[in-house]
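Below is one structure, written out as structure tokens; comments come after it.
When the chains are written out, they are named A, B, C and D in that same order, and each has its own residue count from 1.
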């Protein structure tokens, strides 16, 4: 599979819980950070959008946990994006441990853009993200 | 809808991000805490399980974000559980803001129990959770 | 010792790290939440201040870790505040496990108010906090 | 000033709070991660210690917040360590924003090692950390 964006991380020990593995909620942090770096690489800055009162938000997240990450693990978040309707876009994000490329998590994150009144609208800057 | 367990929370300001709303990853923390309290109320202690090297883990999470929580909001996490196979169980968890009962998030969390070798097994204590 | 404000909490399992105790960074979250509730109880709303571009910020934190909190522990954060200069105020915050009242952490948190240009200034609303 | 260890980070947007800056509690996460990488670079693995039921713990933290980090900032945590008694060691940790080298935070973190009964003891592996 080809991905439009990849970002490497290391597990930080404070992210591990009493089971000795990365807590299941932390993966959403990893995925969010990878998405924002992806957007940034295409010229869309999340913080600047926020200051302009344009909020990019998640409307649905699906996460399949295939394996666990542990202390000292390194991993890569690989991401693709596609438009799924006029107002919604979908990120496919997979996490692979390195160097063995073990698949750890698969996610589908659906988002939209909200204007300053909290209403979904078509953000034209996002067209930079779509290859079509 | 009837729920088997309810737990009330308040938003804490450190949970809010630069958009001024609870960050989307934080909801998994709320849901996890509610599940562990639910298990505890039925006599299953998550930390004791962990010490015995029985790990209750999430294998899939689906989250539908319906609205945002903000500073000073109070909310209730309401949960149900059902067995979906010999080895898997599913929590349905809904978050409602109080006092207006606005639906904020709907989640379906599928879990299993892993033994000390990381293999799924049927944890008999869990039968306390199922009404059948 | 007399405290001006007290707030009860429960440890949440996602706050515990691989040592099975609350991670040392999490205590600052507890302390912040207790401070904001303290301010709120005196009519000062942190989020409203932020919207007005008045930022209450921590300039120094001293934390003495006396004991650990664990899964299922309950605890109380007790707080006092005093003015230490025209521009600075100091919270004394102690955390006690309940019900045995074991002292877990002692903290001294020094803060100031910044105006919209990031400059310290004397926020008159804070006088509600000081008994003198 | 000379430092024994340096580690570069980027701010992640989920670490920023409603003020648009890194939340004050998050700095302890950065400092912990830098300390664990420092230990690792000297052959001391925090997770392996934990499995052996040797707990390296913080007994006191002093943090001076000099400036704020924001979305998109990069920064370096620079660390030194010295023994301050038979049982206690002290990390000096400074955070500098890059590339302008603005000092953001100065910290002094005092730690000790606890054996499996929770008693402080002299961990001989730590001698690898001290230059004397």
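Remarks
In this text, a contact is a pair of C-beta atoms (placed from the backbone, for glycine too) under 8 Å apart; a residue touches a chain by one contact, two chains touch by 3 or more.
It should be emphasised that the depicted structure is a prediction, and the values quoted were computed from it without experimental measurement.
The chain pair with the larger count of C-beta pairs in contact, out of B-C and A-B, is A-B. Distance between Cα centroids is largest for the pairing of chain B with D. Chain A and chain C have CA centres that are 32 Å apart. Between chain B and chain C the centroid-to-centroid distance comes to 28 Å (mean Cα coordinates, whole Å). With centres defined as mean CA coordinates, chain B is found 22 Å away from chain A. Shown for chain C are the residues that touch two or more other chains, namely 13-14, 16, 18, 20, 23, 25, 29, 32, 47, 50, 71.
Chain-to-chain contact here is organised exhaustively, every possible pair of chains being in touch.
Residues of chain A touching chain C in their complex: 13-14, 16-18, 20, 23, 25, 71.
Residues 12-14, 16, 20, 29, 32-33, 36, 40, 45-47, 50-51, 70-72 of chain C are the ones touching chain B in the complex.
Only residues 18-19, 23-26, 28-29, 32, 47, 50, 55, 57-65, 68 of chain C touch chain D when the two sit together in their complex.
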